[in-house]
Amino acid sequence: MKIGIVGLGKMGGNIARRLMDADHECVVFDTNSDTVAELQKEGAEGADSLQKLVDSLSAPRTIWLMLPAGEITDSTITTLGDMLEADDTLIEGGNSFFKEGVRHARELSERDIHFIDVGVSGGVWGRERGYCLMIGGEKSVVERLDPIFSTLAPGKGDIDETPGRREEHLDDRAEQGYLHCGPAGSGHFVKMVHNGIEYGMMQSYAEGFDILRNRNKEELPEDERFDLNLADVAEVWRRGSVISSWLLDLTAIALAKDEKLGDYNGRVDDSGEGRWTIEAAIEEAVSANVLSSALFARFRSRRDHTYGEKLLSAMRQQFGGHVEGGG
Amino acid sequence: MKIGIVGLGKMGGNIARRLMDADHECVVFDTNSDTVAELQKEGAEGADSLQKLVDSLSAPRTIWLMLPAGEITDSTITTLGDMLEADDTLIEGGNSFFKEGVRHARELSERDIHFIDVGVSGGVWGRERGYCLMIGGEKSVVERLDPIFSTLAPGKGDIDETPGRREEHLDDRAEQGYLHCGPAGSGHFVKMVHNGIEYGMMQSYAEGFDILRNRNKEELPEDERFDLNLADVAEVWRRGSVISSWLLDLTAIALAKDEKLGDYNGRVDDSGEGRWTIEAAIEEAVSANVLSSALFARFRSRRDHTYGEKLLSAMRQQFGGHVEGGG
Amino acid sequence: MKIGIVGLGKMGGNIARRLMDADHECVVFDTNSDTVAELQKEGAEGADSLQKLVDSLSAPRTIWLMLPAGEITDSTITTLGDMLEADDTLIEGGNSFFKEGVRHARELSERDIHFIDVGVSGGVWGRERGYCLMIGGEKSVVERLDPIFSTLAPGKGDIDETPGRREEHLDDRAEQGYLHCGPAGSGHFVKMVHNGIEYGMMQSYAEGFDILRNRNKEELPEDERFDLNLADVAEVWRRGSVISSWLLDLTAIALAKDEKLGDYNGRVDDSGEGRWTIEAAIEEAVSANVLSSALFARFRSRRDHTYGEKLLSAMRQQFGGHVEGGG
Amino acid sequence: MKIGIVGLGKMGGNIARRLMDADHECVVFDTNSDTVAELQKEGAEGADSLQKLVDSLSAPRTIWLMLPAGEITDSTITTLGDMLEADDTLIEGGNSFFKEGVRHARELSERDIHFIDVGVSGGVWGRERGYCLMIGGEKSVVERLDPIFSTLAPGKGDIDETPGRREEHLDDRAEQGYLHCGPAGSGHFVKMVHNGIEYGMMQSYAEGFDILRNRNKEELPEDERFDLNLADVAEVWRRGSVISSWLLDLTAIALAKDEKLGDYNGRVDDSGEGRWTIEAAIEEAVSANVLSSALFARFRSRRDHTYGEKLLSAMRQQFGGHVEGGG
């Protein structure tokens, strides 16, 4: 298929490459013309404006947007909406809030333009491993785009088949690594929850390794102190344990390189999806202590000391004469 | 009554003073002879050893221990146990683990020595306000010591009577601020949970004031930013709001003095009781997310950056190419 | 002053009564004409429509809205906005989201109508105790309305003065129980955080009393089991302890009535403000584990069993052959 | 090697089988003689008492204990300790508290008997996949037992090698799935933290799937409601996503079988290791909100309604006139 790709960052560029590897034709655009030039060398057709990109495609057009969530995605959709025709399709693959997808679909449908939201997982490894795709939008349109999605997805590979799926007549595409989740917004919704779970899992490992690491503290009884090699612990857990996972594979790589993690200062960013997951939980009145604690741990990591903590000391001094601080 | 008091720190010294104010006779001992001398000036009889203190009392003796929880309390009980006679009473008023009280009572009962554990709340304000006392041990012994407990407790004061208590024939002493909770250990158990709740309440205020304080961040939309006077907010909440409390009174005092809390560095200590509360909850299989989060906030406050947080950054770099840190 | 009051539920009706007790004139309206009639008997001037209420007031008018947060408040503000004139004032006293207040103020200011948001705490006790008021809006307007606010607030009463406030020249009104917090929205913002803290405090007590209550479980060692009288424990903690509070006073009342709490099924509602507090924390990137856990505990209390918990059992059966459930 | 195995439950029996498959000789004992008979049929030498089992082995003996943690493990170690000779080795493979291992090693060392603690992960899949082994004890003894450990472990299999391990000269055995962690107790310590992480990961999935499941609630806006096929979602996440893991593989199996999870009632057990992980975190003053919330979610799942939650309703009724419950 021929497809336009807007946004050639770490994700968008590799999506184009993976598609071209499978002989899809890509017309590409980015405000950074260097990235366009680079992909042209690799076989893509370059466009130096959104209009040129639209003009290079014949109806019904398919354009994949891979931009940072927020204003830029929003305004690009508005601009493209004005350039496109009935039956054209806009695919939005960024980490956008799912309610934005619902809104875009509603607005574009007024002009019979199709909106498809795709949550994309896999990070920088995706070009090689393939991307896990969570897709929302009209069924018929998603089916028309199957060649694109099946190319980007990892395929069955050597991952064990889940027993019982055959008999239940579940969706084949899930086993290829892509799924039509439901109507517009549902792709980003499933991806959002995916990232929420990711936060929880990462924090589970983080707390566990922190407990291992602090087992050698001087204040502990001497025969209950252990000086553990955490690179080896991560490695052994990859093999036959209940907690083996891809995140643990990555942990083992990082710890093999430097068990002290000296390259990191401990300030951890978060992105919209971890936050929206908690807001969705609240909206649904679902208890989500683990996912919220994982998010809050990142918030706390970026502060030196909080006003709240100083207030604790102030209260303690008031009632107990405990003098803390001094700085 | 005549009573021996061992341990003349912030709490023990004031307990002696409050008792002497009400014409009880106190024989006092501390390894720091200056504190003994000071209390002698205020009317106490000084002892320069545990044995002298025991000898200054006539059977059946009553001795109040007010020492730091742990080894020193433990060894002093052992020492005194050897010096005392049948029907003497040891009162343990420190912040000890309740299971220690259970054990002490069992061991001392073999020699017919009574053991009473008392949880004492009120901090440095107790001498004036009176102490809230949670008492465990044999009923008859607790009743014999009523003159001591009723003196130390705040009494009814001008605190409103709880409607309905009269008709239910509930324990009068609770309204005076002291309570026989049950058998040995139960006094320290109730005090332990009291402190667990205290952690949760303090952290509730801490988080709330932190949210107020951060409402003036530049990244927020301008008309949704507020630069609030937190000393005034604390003050207004003392008056008719649902969250008025003694801890809020203390917060208002601290914030009136310095709304920026510049005297504190944000590192907050914790004591055994907050920890034991979580262990008791686990033992009982009771969910206690708030009390444990309050404890963990203090742990986190004492660390600059954790190994766990660095691990989060390491994973993020592995899968997403996010480069964090640099220190 | 003469003031219009719209919404005569538990809160609005008592606000009118407290104002009339102090000789303010109230014109009242509610869609439920019975409540209007009742207040007429107590001295209010009744109106049978919003327009009548507006007409009964002379410019510059002051109207207090006390309606459930959400659509009804929103549409009433729109309707009144069309009826009012420049320099009239709308006071919004419901439990509304603070960003709504920011928006209303902006929209009404286009027609020079003043918008004041007031967070009101005190519940059903407020008529007698007075209401704690957190006020947002233009300074000059808030000052003009001082007679209203000072009447509704509790006043200094016999609550101890906070040492140090005098010297710092802090706002006098806070000591009376009302505070001009800042621009429009800030009143509801401070009230929202107040409720967030309230959730945390309530859950702190809830967990603590749950731990006390479960100390008599058969599976615990016999001498570490205590059968505590929780009505007495609540009462004794009111007296000199660190965790005394108004919420504890209410707890003592409820437990004196029925220590088993047999009237309640354990399903606990939550309102918008607890939720918005977490969203505000997320927006500010402030860690709020205690306040969010308190909210989630209420969510969980309203469900019998969650899908997530069943999934835990399903995983356990897959890896460990643990068979759980059976229903 | 020849080895004695005591305890032939789900784990012990399969350990014997996996060893015999690799031509190790096993002498087996269990108080349930049926399980002994069954293993005899599969080639093991049966013993009808601990003494017989000891007598069937020649010095230096190796005996693997695979019993439920607690009293039975404890008393069996005591009994065997009396039967064994200097230089014999006891391997304790149950889910025991690591401090028990420290104590056993100390006590047995007085008679020159070696104590090795092994944390075993892999569940019912271990016989086929191999077991992940975390080993504590004297280095020379662990090395002597290498044939046993290397047989039980999964071996390298087709799991990708972790880049960078070679250059760092890290322990080869970790890549085979077994690791000498450190001195006695450290094997069970690492396994304990492993299980703590497992709880956190499981709860991360549980909360995520709960949020997905509840997205179809009637009270949500219609175009923001999604009726997702969770079996397909679990499947697609196994393929190229960041959160792929063995636990997710198991989740996919369970959901393919019955997406409604109708076989489970939602009451989830917990074992000692999840609890001890929190106690270890507290002992080390490490913040562990995620791991503790995961534990508490299981506690809460086993209760219908809590006393604490009823107390929340009672307070709400006192201050707000909110009537909740009625049962």
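To keep things simple, chains are lettered A, B, C and D as they appear, and every chain counts its residues starting from 1.
Just so we're on the same page, a contact is a pair of C-beta atoms (placed from the backbone, for glycine too) under 8 Å apart; a residue touches a chain by one contact, two chains touch by 3 or more.
Keep in mind that this is a model prediction, so the values were computed, not measured.
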**OP:** If we define chain centres by averaging CA atoms, which chain lands farthest from chain B? Would you check?
**Re:** A
Original post:
Distance-wise, how many Å sit between the C-alpha centres of chain A and chain D, to the nearest whole number?
Top reply: 31
Subject >> Distance from chain D to chain C - Cα centre to Cα centre, in angstrom >> reply: 47
Subject >> Separation of chain B from chain D, taking each centre as the mean of its C-alpha atoms, in whole Å >> reply: 38
Subject >> Residue numbers of chain B (touch at least two other chains) >> reply: 123, 203, 205, 207, 210, 214, 242, 246-247, 253, 285-289, 293, 296-297, 300, 306, 308, 319
Original post:
Does the chain-touch network form a line, ring, star, complete graph or other?
Top reply: complete
Subject >> Interface residues, chain A side, partner chain D - complex >> reply: 98-99, 102, 106, 121-123, 126, 129-134, 153-160, 162-165, 168, 170-171, 173-179, 181-186, 189-190, 193-201, 203-205, 207-208, 210-212, 214-215, 217, 220, 223-224, 226-229, 231-233, 235-249, 252-253, 256-257, 277, 280-281, 283-291, 293-294, 296-297
Original post:
In the complex of these two chains, what residues of chain D are touching chain B?
Top reply: 242, 270, 275, 278-279, 282, 285-289, 292-293, 295-297, 299-300, 302, 306, 319
**OP:** Quick one: which bits of chain A touch chain B in the complex? Just the residue numbers, please.
**Re:** 10, 123-125, 202-203, 205-207, 209-210, 213-214, 246-247, 250-251, 253-255, 261, 263-269, 289, 293, 297-298, 300-301, 304-322, 324-327
